[in-house]
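Each in structure tokens, the structures are laid out below.
Paired with subunit B in one complex and with subunit C in the other, subunit A is shared by the two complexes that follow.
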Partner chain A sequence: MTVVKIGRVIAVPVGRNGAVAAAVTAALVVVAAVATLSLGRLGIPVADLPQALFGGAEGKEAFVLGRLRGPRLVVGIGTGAALGLSGALFQTVTRNPLGSPDVIGVSAGAGAGAATAALFLPGLLPVPLGALAGAVLAMALVYVSTGAGFRNPGRLIVAGIGVSAISVAFTQYVVYAVERDRATVLMAYLNGSLSARAWDHAVTIWLVVLLTAPLVALLARRLDMTELGDELAAGLGAEPGATRTAAVSLSVVLSAAAVSVAGPIAFIALTAPQIARRLTGGPGPHLTLSALVGALLLVLADLAAQQLPIPGNLPVGIHTMAVGGLYLGYLLTREWRKGTL
Partner chain B sequence: MAEGNTVSTTGLGVRDVTISYGGDPVVRDVSLDIPDGELSVIIGPNGCGKSTLLKSLARVRKPDRGQVLLNGRDLWSYRGRQAARHVALLPQNPSAPDGITVRDLVRRGRYPHHTLLRQWSPGDDAAIDFALERTDLRELAHVRAAELSGGQRQRAWVAMVLAQQTDLLLLDEPTTFLDIAHQYELLELCRELHGEGRTIVAVLHDLNQAARFASHLVVMREGRLVTQGPPAEVLTAELVGDVFGLACDIVPDPRTASPMVVPHDRR
Partner chain C sequence: MTTTARSAPGAARPLVFLLAALAVLAFAVLASVAFGSHPTSIGDVLRVLNGTADANTTTVIESRYPRTALGLLAGLCLAVAGTLMQGVTRNPLADPGLLGITAGASAGIVSATAFLGVSGQWGAVWWALPGALLAGLLVHVIGSAGSGTGLVRLVLAGAVVTAVLTAYVQAVTLGLPRVFDSYRYWVVGALGGRDFDVLLSVLPPAGLGLLVAVLIAPGLNALALGDESAAALGTSPAAMRAGGLLAATLLSAAATAAVGPIGFVGLAVPHIVRALAGVGFRAQIVFSAVVGPALLLLADVAGRLVLRPQELMVGVVTAFLGAPALLLAVRRMKGSA
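Then we have the complex of A and B:
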């Protein structure tokens, strides 16, 4: 434990394990990003990459960097970070790995909201706002239907799965109710996809990440304290109720933003904080590390989506769903054995 | 009522406090001043509201009616951390975060002394070292809390509230999950801390432990304050019969001469 001091105003203790893990993960994100830009038939060779990035790109390279893979990569990093952060916040509040926005229907709700905004109210309601409205509605439904807020993990998961199913059904209805060709465009999106992203998607997700990051940072210490249990946290002056409300709100905003640019990509929010926790082995929500791990996971999954020789160009969401689904199964079994479910 | 009290108080107390859970009052119109420098123990049958009263004194449970006062000011008009620099509460079921070490756990007690941007203060290490020393946990500082025995873990929690460096320490049934030897070990620690001039309020279940370790006894029944005072005056056979429904003799403890409850046989 070292204390990082900036002048007399700022002093923040930093755990060594966490700092090392964050640095390594950040380096791996860079490696994965380079691979994303340089692998494959249209890839820019690593040797030419610095010139293309910093010296101005021309011709094919300009197309790959500016249109084909650049925005996709930048959106991927931002979305992965948003999902990792969102998952870490929600899991800390629910004190359960399964109390994650992608399990309990926040992502599915955001997807339904985004689909409604894009297909029923085109031009009237911006897609990100539609996603946010859907996410908030889904979360409110879960909150009400557990009868105990977010306290009871078992009820939370059951209610969440129900709300998730309702959201997906609603999305299907929206897709069927509109003309076939408009719906086809949406189908890839609804699985979670990073293909054909544009720079305005990148601006949306990064704007949200950069605006919420300072708020999350200010909340981090209080979230640490809520891990001690409500009464102790309250006795220490950490206001657990208000802290939870703030954390859930930020988590929903981040989730909705991620869904609005890339669709409901499954399981990044679930797995990233869990991996972060295992990397450091210590307590705490590991917010920074969860964001970095989320970014790494999503960029790697998208790399697989782009480069694996699977016919049909599967969207990245299918990959994360396949891998994350196994992990979800493992977690469910473990919680069931522990008797929390 | 608020004035005219010549007993030296800590400045912490409740005035006509009523606290309800789901419409049923658990604490009814209680007024109480916590005496300064005493080891006060609150006793009473299950559900008499003693833990709830303790929580209201620590700014954890807001009263439905009445006031909790700290130095003449409503406790709820303080900011959370400000109040937590005066009063520390160790609740019944705190949870240790996964993977936390004893030292990091104790460090969390320093939270009220930090601000949003300054999450470290110069007094931190000294306060943590003192708390670990006092609870005999120096050797175990870098052990994970999950690996501690029940008695050690409870001492770690006490260390955490000690590191908070408050004038007042509130302990909610601190002996509940401990083996009998560890119960006494913890109570001895409370007595030592009291001997060093610290004001402690504890909720205890065991009447004999309460009588032996308390310097001031507070008795509650059905949400109301029954009586308070030195154990030798307060703990009588009539009171135990009235409040706990137990027929008994009170005899002097052969070791400490504090009152000791000896129940009658039912036959």
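Then we have the complex of A and C:
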């Protein structure tokens, strides 16, 4: 275990496993990104890719890179990282591997807020702010409904399912009220989609990720301490209450930003931290690795959405829902059998 | 004297409640026939029944008969299914929607239509059944892995199975739009746009499920006393449980085949029914058969009025109404899991 220090304030302990896993995951993200740009009928051949990226692209390549797949890929990486980070923060605070924004209704609430802002109040309220309002509202509703805050894992999950159902119903109401029955619009707001993203989506999500990343790094060590228990953490000067509030706030902001550019994509926030934890094998939130795994998962899912020969051009959210659901089912049976959950 | 004085109101009260519930149901039926995108009044309905209304109004009103009948049947099926499931599992969160059975029924119908070339309502209905059964079993297997089963485990397993099956249903219906054009509203859960043929096609499973429910109600009463007492009273707990869940599956599959996956009716109605009818299962089933349709029809009427002349699917309205019931139930959950 070494400690990476940036200045006097930030000191992030990095296990050797963690560093190797992070490097490998980052490399895999690059591979998946190259595949996203080069596969398929409109893909840019790998050999031409450096020229197209750095030498200026023309014609078809410029269209593919600048409009069709470039923004989609950049949004995908940013959104995946935001979701992974958001999930890791929330799961650490709730001390519940299932307490992630997509399970407890925060994502669905953000989706309802985004739909309201985009369809009911077009131009009046920016979509990211609408998503944030929806996410905060959903989280508050869950917090109040459990009667025990985030402490009771069972109540947290059931309340989350209820709040998700209300949010989804509200989203359906908004979409039917404004867009009649346009299935693609509904899909985008209910399942999440990366198709037809533009560069301003990319700017939104990366701005949020880059602004919150230093704050998350500042918080990381204190968050590690809160895992030792409140009294010990307080003794070490970590102020557990304030730390948790800060972590939840950052998590909600990241989650809302992700939803505002890509819709409530299911199960990335839940699974990325789980995979990160298994990769390193150690305790702790593994924030960086969770972000990287989240980016990898979403880029891979979107690659599948673009290239798999399934009729109907399914939005990426349906892929993550199917695969993430299967993974969650496997995880639940395994953990319950071992009695660790 | 004192005993009669004490027992009389207790015996009379459910009867009063039942009459009140029947009155609400009658109002719901009238409202369902009277209100819609084309404005008509309850007076028009009465004139149509007299035969004194003009042809135009008569057509409009009569066009609402099938959806009202479907609402009655689906509400009855879902509510009785929920009551059976909550009684058999002693789980106040048991609901055909939450425990994945509705999603399984949808997946069964969609698979049969898309890949087995089953066409028409009559064939598809029976494919809802294996789907519902398989999904229910899967939820049970996942939820009871390892030692001890909790409410939350089953609900969580149900959420997982529902997520995967919903993704599958959406993928298939999006991928084959020509096959599923008529299913677009059904996927969300809606009463409109279907005819009496649909109703007739789901009557066999619905009737069978209801028959089983009524037959095993006394056994379920014994089961409520605990497994050992039930065995001592001469009922087999395992057989009662299997029968109750089978009936619930039949009823949920019938409802889903008729009107699509509608959530939370099966969750909310049993809670209302227990407050009104007390602990006896026969009374609970009778009450469910009245309260469920009333709730579903009122939700459907609300859905027709909020977006006039558009409609909000009844499945969306029941989620609005029913999910808060789930949130209220959360507070009463005991323990940490």
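As a convention for this text, the second predicted complex is superposed on the first by the 311 of 341 C-alpha atoms of A that agree within 3 Å, B and C clash if a C-alpha of one lies under 4 Å from a C-alpha of the other, contacts with A are read in each partner's own complex, and residues count from 1 in each chain.
In the analysis below, a contact is a pair of C-beta atoms (placed from the backbone, for glycine too) under 8 Å apart; a residue touches a chain by one contact, two chains touch by 3 or more.
Just so it is clear, the model here is predicted, and its values are computed rather than measured.
Visitor: Touching A:221 in the superposition: subunit B (first), subunit C (second), both, neither?
Guide: So A:221 only meets subunit B here.
Visitor: Does the superposition put A:191 against subunit B (first), subunit C (second), both, or neither?
Guide: Second partner only, subunit C.
Visitor: Could you look at A:203 and tell me whether it touches subunit B, subunit C, both or neither (first, second, both, neither)?
Guide: neither
Visitor: In this superposed model, does subunit C or subunit B come into contact with more residues of subunit A?
Guide: C
Visitor: Kindly classify A:53 by the partners it touches after superposition: subunit B alone (first), subunit C alone (second), both, or neither?
Guide: neither
Visitor: By the touch definition at the top of the document, which applies to A:165: first (subunit B), second (subunit C), both, or neither?
Guide: So A:165 only meets subunit C here.
Visitor: Give one of first, second, both or neither to describe whether A:232 is in contact with subunit B, with subunit C, with both, or with none.
Guide: In the superposition, A:232 contacts subunit B only.
Visitor: Share the list of subunit A residues that count as touching for subunit B in one structure and for subunit C in the other.
Guide: In the superposed arrangement, which is not itself an observed complex, subunit A uses no residue for both subunit B and subunit C.
Visitor: Which residues of subunit C touch subunit A once you look at their complex with the stated criterion?
Guide: 93, 98, 141-142, 145-147, 150-153, 155-157, 159-161, 163-164, 166-168, 170-171, 174-177, 184-185, 188, 263-264, 306-307, 310-313, 316-317, 319-320, 322-324, 326-327, 329-331, 333, 335-337
Visitor: Touching subunit B in the complex: which residues of subunit A?
Guide: 1, 3, 5, 9-13, 218, 221, 224-225, 227-229, 231-232, 234-239, 277, 280-284
Visitor: Could you list, by residue number, the parts of subunit B that touch subunit A in their complex?
Guide: Residues in contact with subunit A: 55, 58-60, 79-84, 87-101, 104, 107-109, 111-112, 114, 116-121, 164, 170.
Visitor: What does subunit A use to touch subunit C in their complex?
Guide: Against subunit C, the touching part of subunit A is residues 98, 141, 145-147, 152-155, 157-159, 161-163, 165-166, 168-170, 172-173, 176-177, 180-181, 183, 187, 191, 266-267, 310-314, 318-319, 321-322, 324-326, 328-329, 332-333, 336-339.
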